[in-house]
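Should a chain be cited, it is by its letter among A, B, C, D and E, assigned in written order, with residues numbered from 1 in that chain.
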Amino acid sequence: MSFWEYANPLKFLKLSGTLIPYFSILATITIIAGLSWGFFFTPDDYKQGATVKILYVHVPSAFVAINAWFMMLVASIIWLVRRHHVSALAAKAAAPIGIAMTIIGLVTGALWGQPMWGTWWEWDPKLTSFLILFLFYLGYIVLWAAVEDPDTAADLTSVLCIVGSVFAVLSRYATVFWNQGLHQDASLSIDKEEHVADVFYYPLIVVMAGFVLLFIALVLLNTRSEIMKRRAGAIMARSRV
Amino acid sequence: MIALIFRDLRIAVRAGGGFGLSLAFFFIIVIFFPFAIGPDLHLLSKVAPGTLWVGALLACLLSLERIFALDFEDGTLDLMVTSPLPLEGVVISKAIVHWLTTGLPLVFLTPFLGVLLGLQNSNVIFLIISLIFGTPALSIIGTFGAALTAGMKRGGLLLSILVLPLYIPTLIFGAEAARRGIQGFETQTSILLLSGVTLLSWAILPFAAASVLRINLR
Amino acid sequence: MIALIFRDLRIAVRAGGGFGLSLAFFFIIVIFFPFAIGPDLHLLSKVAPGTLWVGALLACLLSLERIFALDFEDGTLDLMVTSPLPLEGVVISKAIVHWLTTGLPLVFLTPFLGVLLGLQNSNVIFLIISLIFGTPALSIIGTFGAALTAGMKRGGLLLSILVLPLYIPTLIFGAEAARRGIQGFETQTSILLLSGVTLLSWAILPFAAASVLRINLR
Amino acid sequence: MAISIESLSVSRGGVNLLQGVDIELENGQAGILRGPNGVGKTTLLRALAGLQPVESGTIKCSLEDICYSGHADGVKPTLTVQENLEFWANIFGSPSIREVAEKFMIIELLNTKVGNLSAGQKRRVGLARLGLTGRQVWLLDEPTVSLDETSVKIFGNIIKDHLSEDGCALIATHIDLGLENSAQIIDLLEFQSNSGDLSSSNEAFL
Amino acid sequence: MAISIESLSVSRGGVNLLQGVDIELENGQAGILRGPNGVGKTTLLRALAGLQPVESGTIKCSLEDICYSGHADGVKPTLTVQENLEFWANIFGSPSIREVAEKFMIIELLNTKVGNLSAGQKRRVGLARLGLTGRQVWLLDEPTVSLDETSVKIFGNIIKDHLSEDGCALIATHIDLGLENSAQIIDLLEFQSNSGDLSSSNEAFL
């Protein structure tokens, strides 16, 4: 039995139906556990005070936002190469979640920036490329909404996603070149101690795992509803003839 | 007229209708300025009111082309002229729909963009006020421009060139009002002048636009 | 391909073809900034390179819609696809014509606008160089965007929203090159990076645009 | 409601196309405009509908009674057939769409978006507007383009119904509508002006 | 040059329109597609021209031999007739425009801007492109829309000439072209798929 069997919409509906409850429960548990650990059982930072706790929402949402785009890229390529409808719809389903996470990341970042840097916003490379990511999500979603025929829309958005990825990477380098900023460097790199202390680090890992689970659950859910919509459309088309 | 307004609103929110797009365009074009000017927040906040006003103006401009051109191409305009609806009513309905779908939403986005450009929260209010009083003028002037170019295929660029000069008074008074407010001067005069421009435009341009439309249909 | 280029150039210079309009738009939009920002020449000269770059970008943007939409509407594109001309060739011809009628003329106008914004004569050269290296990228990226929205009626606004994010690297490197040059820093790196973006775009986008066009015609 | 035209002269693009056109239609009568491509059928109909100025001559018919239908259908591709018809019904203040939709055989298409219709189906929607206006004088410019044979016949019958209710119709068409026996055939070639005649606005420069 | 289609199936907007279409045209033969509005004539022709994917079935005919002409004319309103034809002649590498222009009766219009032509004149310019391609298999979608009677006859003769030169043509039309005696009449109603058949992309969801 090959993995591609689940590219059949009906099989996918069945499988996702059983998986979603598990993922949602797991996600809820991990997020609640991670957040309470982070909120109530870690000390306030000596410098940042209690505001450091925004970290537990900010970093996971930013992480998911970036990786959601990757997922969409992979799904788009699969659609273009193998023409599995589920793949195209999964890409479509991930976009609103991705953009929501981007907005959460931006808002929590801004809320954090106010006490930390004394400003809501700074044109720092990381922030800027994050904002640019928001624009790419926006274009992608708008294109889906504007094209009526679902297969055409899937094709067009897939090409846009691939081309967009190239230009998103270029933009990232461009912003670095444009302004060397004051944002935190990656906290999950090898020399992590330098940035985020262990006490904050472990609960953060838990919350991030929770966000990833949540993302998977939401994508499955959204893909399901997209499939149902296509189904309803197909049934309508049949009855209309 | 009500029927026309509802139909146009309905078309606007349908797929491909373009609702929300001018909002997105406003957002994007405003955050393009930092890329062009450089990341210095202090400098940015100085040019912020002007940037936001130019952005709003461009967002209005880009959505003008749809106003009449589609109706012209598919023959609706011919039929509308021969219908009981007065052409002035058509123009006013179109301008109202344009403002509802473009001008008004822009106002709500302004606070967020203000933050990105380093404006103080308390100062954003001046921008909002100036936009509320100014954008209706942008809509009716733009409708007049759209009527002028209704007969042309893809006349978007020509339309821009015709309309932009007409936008100058609105832009000057509007941006001035916002800038004065932010710098702590009194803003009443500029707001008054701005409203004057708006009222004048709504008083005379519907007739001008209707006559121009009639000419374009021959 | 040569036939196509000549035909399109001929259409562009005919009445209603839009040649010169993007130039006029560039001119108008750049002189709008003083109205919006205020008459302070010192401030203006600081934001001049950015303003000129944004102006050039907008002028390119507004002329994109014509690239495929007209050919789509009157059926030419259908016929072109079934003709011996490869679709990639069509895309490249279109991008070349767009650059010749829009990007290149902008460069010639820049010195005059630089003066209006208080730029020193000796500094204008940096703007010109950055525009020469950058505008071809704007044309081919824009052609890709036009191909994406070819099937839509009045897709101008949607087109802008899809294309603008893709313009970011070009804008950043281009404006940066101009700014650095004017401030007396070395500009080689930014120019190199800018050319890199241009070359990359011309290398990959014709294929992407052709495939997207084929999809849109179904 | 009748229409009467006397020694009308119309121009297009600076050239005088038709001269001395006399047409007299009574209640319940149809006129069929014939003539080769480019003779000026479209131009004449647009002039009668008030969409274009006439050079000289008189038209006796109130604009309020005229309903024009041209090459383009005036329907919005993103709206459904029903929404399109409702809009025009609203504008003209006429009540029932269903009846008209039945007459024009688009009842099953009511909930389809116009953009998804075939050429002929779209044309039928465009023509259905005629039934909604409640106006008496129909000016039709090649109404049957793209229609299949049955639709053409049905449309012919619709026109006959309209005539029997004391309406009248002036139709430019190249094909047979089944009205030819009772209708007045007007060959526009008779009224073609001598080549070289210019419109009055061009004359002024000679 | 012949075209042969075997058990072709085409869809539009997620609905399967035609199924099991078998058409066999030999050199010098014309096929006339008949069928009511919306049956799928346009869809079939576009699929044959390679503008739209087919669901299943085989088409035996090289795309290089096919010349498609659709509802739209593919002429630029701001260019003159001559410039328009020159462009297509260039693309297809064919030499003489005059001959073709004479055949299609647009020789006096050569220096007129296409935007200033009447509906029928414009159509003739669009059709003239057929003569320039030098291709053998003509796929024509309602070619005679807006043409007057003489033009229709002349166009019928042009098609006959083309056939006698071993070309072939598949024509969707609602009106008589004068070819009906010799041509193969294909009624698409026979191939209409059962209502409720969906395209493969929609089937996947049921």
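Just so it is clear, a contact is a pair of C-beta atoms (placed from the backbone, for glycine too) under 8 Å apart; a residue touches a chain by one contact, two chains touch by 3 or more.
Treat the numbers as computed from the prediction; the structure is a model and nothing was measured.
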Statement: By label, the chains that touch subunit B as well as subunit E are A, C, D
Task: Would you kindly count the fewest steps from subunit B to subunit D, each step being a jump to a chain that touches the current one?
output: 1
Most widely separated chain from subunit A, with each centre as the mean of CA atoms: D
Message: Counting C-beta pairs in contact, which two chains come out on top?
response: B-C
Task: For subunit A and subunit E, let me know how many angstrom lie between their CA-based centres, rounded off.
output: 49
Statement: subunit C and subunit E have mean C-alpha positions lying a whole-number Å distance apart equal to 37
Statement: Per the C-alpha means, the centres of subunit C and subunit D lie apart by a whole-Å value of 45
Task: Between subunit A and subunit C, tell me the centre distance in angstrom, where each centre is the average of that chain's C-alpha atoms.
output: 32
- prompt: For subunit A, what residues touch not just one other chain but two or more?
  reply: 135, 138, 142, 146-148, 178, 240
Message: Give the residues of subunit C touching no fewer than two other chains, as numbers and ranges.
response: 16, 70, 73, 152-153, 155, 158, 161, 164-165, 168, 172, 176, 218
Message: Give me the residue numbers in subunit E that touch at least two other chains, ranges are fine.
response: 13, 71, 77
Query: What part of subunit A is in contact with subunit B in the complex they form?
result: 110, 119-124, 128, 131, 135, 138, 142, 145-148, 178-179
- prompt: What residues on subunit D touch subunit B, complex-wise?
  reply: 49-53, 63-64, 66-79, 83, 87-88, 90-93, 126, 129, 133
Statement: Note: in the complex, subunit D contacts subunit E through residues 13, 35-38, 42, 71, 116-121, 123-124, 142, 145-152, 174-175
- request: Give every residue of subunit E touching subunit A within the complex, in rising order.
  value: 13-15, 195-198, 201-206
Message: Residue numbers of subunit C touching subunit E in their complex, please.
response: 3-4, 7, 10-11, 14-17, 70, 73-76, 78-85, 217-218
